[in-house]
Amino acid sequence: MATDFRLKNLLPDLTEKIVATYTPDDRINHLGHCPLPSYEAVAGILTDLKDVLYPGYRRKVGLHSGNIRYHVGGLIDQLHDSLTTQIARALRHEDRVRNSHSDCESDVDFEAKGQAMAIELLQRIADLRKILRTDVQAAYDGDPACQTTDEIVFCYPGFEAVSIYRIANQLHRLQVPFIPRMMTEWAHQRTGIDIHPGATIGDHFFIDHGTGVVIGETCEIGNHVKLYQGVTLGALSFPTDGDGALIRGTKRHPTIEDNVVIYASATILGGRTVIGHDSVIGSSVWITRSVSPFTTVTLEKPQLRVRGGAAISGTHDFDFQI
Amino acid sequence: MATDFRLKNLLPDLTEKIVATYTPDDRINHLGHCPLPSYEAVAGILTDLKDVLYPGYRRKVGLHSGNIRYHVGGLIDQLHDSLTTQIARALRHEDRVRNSHSDCESDVDFEAKGQAMAIELLQRIADLRKILRTDVQAAYDGDPACQTTDEIVFCYPGFEAVSIYRIANQLHRLQVPFIPRMMTEWAHQRTGIDIHPGATIGDHFFIDHGTGVVIGETCEIGNHVKLYQGVTLGALSFPTDGDGALIRGTKRHPTIEDNVVIYASATILGGRTVIGHDSVIGSSVWITRSVSPFTTVTLEKPQLRVRGGAAISGTHDFDFQI
Amino acid sequence: MATDFRLKNLLPDLTEKIVATYTPDDRINHLGHCPLPSYEAVAGILTDLKDVLYPGYRRKVGLHSGNIRYHVGGLIDQLHDSLTTQIARALRHEDRVRNSHSDCESDVDFEAKGQAMAIELLQRIADLRKILRTDVQAAYDGDPACQTTDEIVFCYPGFEAVSIYRIANQLHRLQVPFIPRMMTEWAHQRTGIDIHPGATIGDHFFIDHGTGVVIGETCEIGNHVKLYQGVTLGALSFPTDGDGALIRGTKRHPTIEDNVVIYASATILGGRTVIGHDSVIGSSVWITRSVSPFTTVTLEKPQLRVRGGAAISGTHDFDFQI
């Protein structure tokens, strides 16, 4: 009816057997005096940044003109320190991997570099607020189920994912390693929307529902673009070098010009594929070639097999589907 | 090797620059003395409600006939207070947006209204338990991988999403603003299943796997309906008024009658689309027109291109796919 | 302006009405002295196991050869106790359901059985680390956006889901009830990837992006297989017995042989469907029959309707799509 302590005595040997597998050059343990960025710290940075970008929604209520600067000033101070530390860790880690150091033996002042990048990000917050305002407007204009813009800021997963992408993309442009991807994967976990921080996305961008959306690293998306759930902007087969290893860094994902709408579960693939401005790609369409401006592409009559019942009513012209 | 304090002295100016962007009529800050509902409080309400709806599973173990009324009585008391506060906030917020008040200047007693709605919701719990019991039965009857009904209550994401939808839908019917959508987005984040609180759904409803399911605001779903992952019950193009603005509130999403099964990644669109009772919509079918009762719709032979290998074995009759 | 205490006096009656619905044989309450496994404890077990499987990434930093054995030894000790308790609860629950006991009246020593299974799982950790190392390598080899293998361990949802599946699958093989499914649903919630713990999966397995992937209970997957987001490896219609009840336990899901790549949103269904080794299944393909080795299956020219614009540029040969 209780634990057998003789069996429990096996544990020290078992521990030794596991510890023996943690070899220094192993790719699934990270030992040494050179820590990676902290996942929790990066999540905390995002929560703080969202509170600065759109205050009064989630965490702290009762903010008003009399106290807002103390609240935001405290957050900015804390963000400066936390961003500096985490970016320094990411830079040191990248340096170590690139130069195959066995441990933190570089002479570079990563903290100073981290601080400069942290301040640069914080200086971009006012501009980030400008573009996020256009994203909120696009969501309101694009969703008939939306009653007020507050709902969008408060709980739309598309806006959450795009907010975090925009932060991560700024860090990506500042050439901060590692952390941008941590951020967009944090958003991916919370929203089902996977936007690579290296993608380029214009203003007034809206993703409705969003679960399953994938936007690849080398996508270029214009202004006033709307996507629905399950849309993939992905790659065709990857080019490999003479040894069969992947060639990294080429444009593998499509370009979407201004004012394009892409409906649920459409799949658009390939680095040379351009969807021309003011086009509409219908639900479930699969496309790997370019489309000129002002084009509507929908599924032609689907090949359906209908058994029983009195057939499908209406004609199959699908004239109103977009 | 350390932070440069001269750089840190830039932060107060940087803070002022950000604070200057928080203008009173801005759509991405919510300042003033009139707080929005609290996201954490609403999440807490859902956790408490789930513990009342199906006690003994998640949070508190060791409940039995001798102590259950104290546990539930304490939760109901707490739910009364928390629901009253949060609904009052939502009502005051809606009033302010509708009437363009600059702050909380209405004379309406929103707490009294909130309390009445809170009690009305709590009075519906016994009925909610009745319908959730049918949902559990439907999951057990519909999933051959399920061993006991306890698994369903404990960890099936479809049951989680439907439970929270049913709570949110009751609040939606009571015309509580804002909070129903917060609740279904909380479920969406946890399950990948996005059910609008305004949808109408009958008893014995089961969603298997569920990631990517979208059920729109004006869907009407009968009894004994089963959906799989990736199913979209969505809208066609939205009607706009003379100024190009969306017309909100029309029926834009399909009607699914009793005893219908819809397999993975099927897409059914349009407010006039009716899937007749006892029909089956096969995996990956895309449909925008009505189907009569007792109909099976599957993909006809897909247009596949096969290269290499010795071709696909078997015939392409797909007779057993449903 | 405040709560009406007369209305609050309704709450005791309301509580009694709810408590009256908690009948002993009800499927949506779990009362009695025989607790289910704790969801929080199982989540804690997974967090501890991940720290043992790949130390130094997420929770504890600053681990090195001088302190790693204390850290891991402490975790193993804690895992032993926690696994023993939770497995014992799951075994007792299963016994009660199977034998229709009204409460915990069995004479079996479930703690002793739980301890044996707990130690068996811990003894398999070194082997689990071996296979997880191949999964990390496969992710690095398969994703051109990946810069270092550390990113994969740190934040790739596919690796997270596969790690937890591999733990859950070991418990499933040890015939631990209930807990394996809790574990994979925990992963499903965090990643959108739903792998049944009963599936069989070889080494070098990689799921990229991952949202919406479903891998059914009786799937058999070889070595060096790569899947993208939205792939379903699912069942056709379920066989039922003479009473219309589902027959549980037959092979309902496909077999995927070695070196197969399955692109985004492909759907492969049926227990007799075999995808031969070294084959490629293209994006959005829907298939319910077997494919011989070395075969590439892609969508033939899709039936698209193009309106406006100057048509789609390029030919529709799709030669480079895989």
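Which chain is which? They are A, B and C, in the order written, and residues in each are numbered from 1.
Note that in this section a residue touches a chain if its C-beta (ideal position, glycine included) is under 8 Å from a C-beta of that chain, and two chains touch if they have at least 3 such contacts.
Every value quoted in this text rests on a predicted model; they were computed, and no experiment measured them.
**Student:** Fit chain A to chain C on CA atoms, both being copies of the same sequence, and give the resulting rotation angle in degrees, nearest 5.
**Tutor:** About 120 degrees, rounded to the nearest 5.
**Student:** How would you label the chain A and chain B contact, same or different, if same means the shared numbers make up over half of all numbers there?
**Tutor:** Both copies, chain A as well as chain B, present different residues to each other, with under half of the numbers appearing on both sides.
**Student:** Take the average of all CA coordinates in chain A, do the same for chain B, and state the distance between these two points in whole angstrom.
**Tutor:** The separation of the two C-alpha centroids amounts to 23 Å.
**Student:** Any chance you could list the residues of chain C touching two or more other chains?
**Tutor:** 192, 211-212, 230, 265, 284, 299, 302-303, 318
**Student:** Can you check the complex and tell me which residues of chain B touch chain A?
**Tutor:** Going by the criterion above, the answer is residues 1-4, 7-8, 10-12, 14-19, 21-22, 26-33, 35-36, 38-39, 93-94, 97, 177-178, 181-182, 185-186, 188-189, 192, 194, 196, 198, 211-212, 214, 216-217, 230, 232, 234-238, 245-250, 252, 265, 267, 269-270, 276, 279, 284-303, 318.
**Student:** Looking at the complex, which residues from chain B come into contact with chain C?
**Tutor:** 52-58, 61-65, 68-69, 72-73, 76-77, 80-81, 84, 109, 111-112, 115-116, 119, 122-123, 125-126, 129, 132-133, 136-137, 141-145, 147-151, 153-157, 190-192, 209, 211-212, 228-230, 264-265, 283-284, 299, 302-316, 318, 320-322
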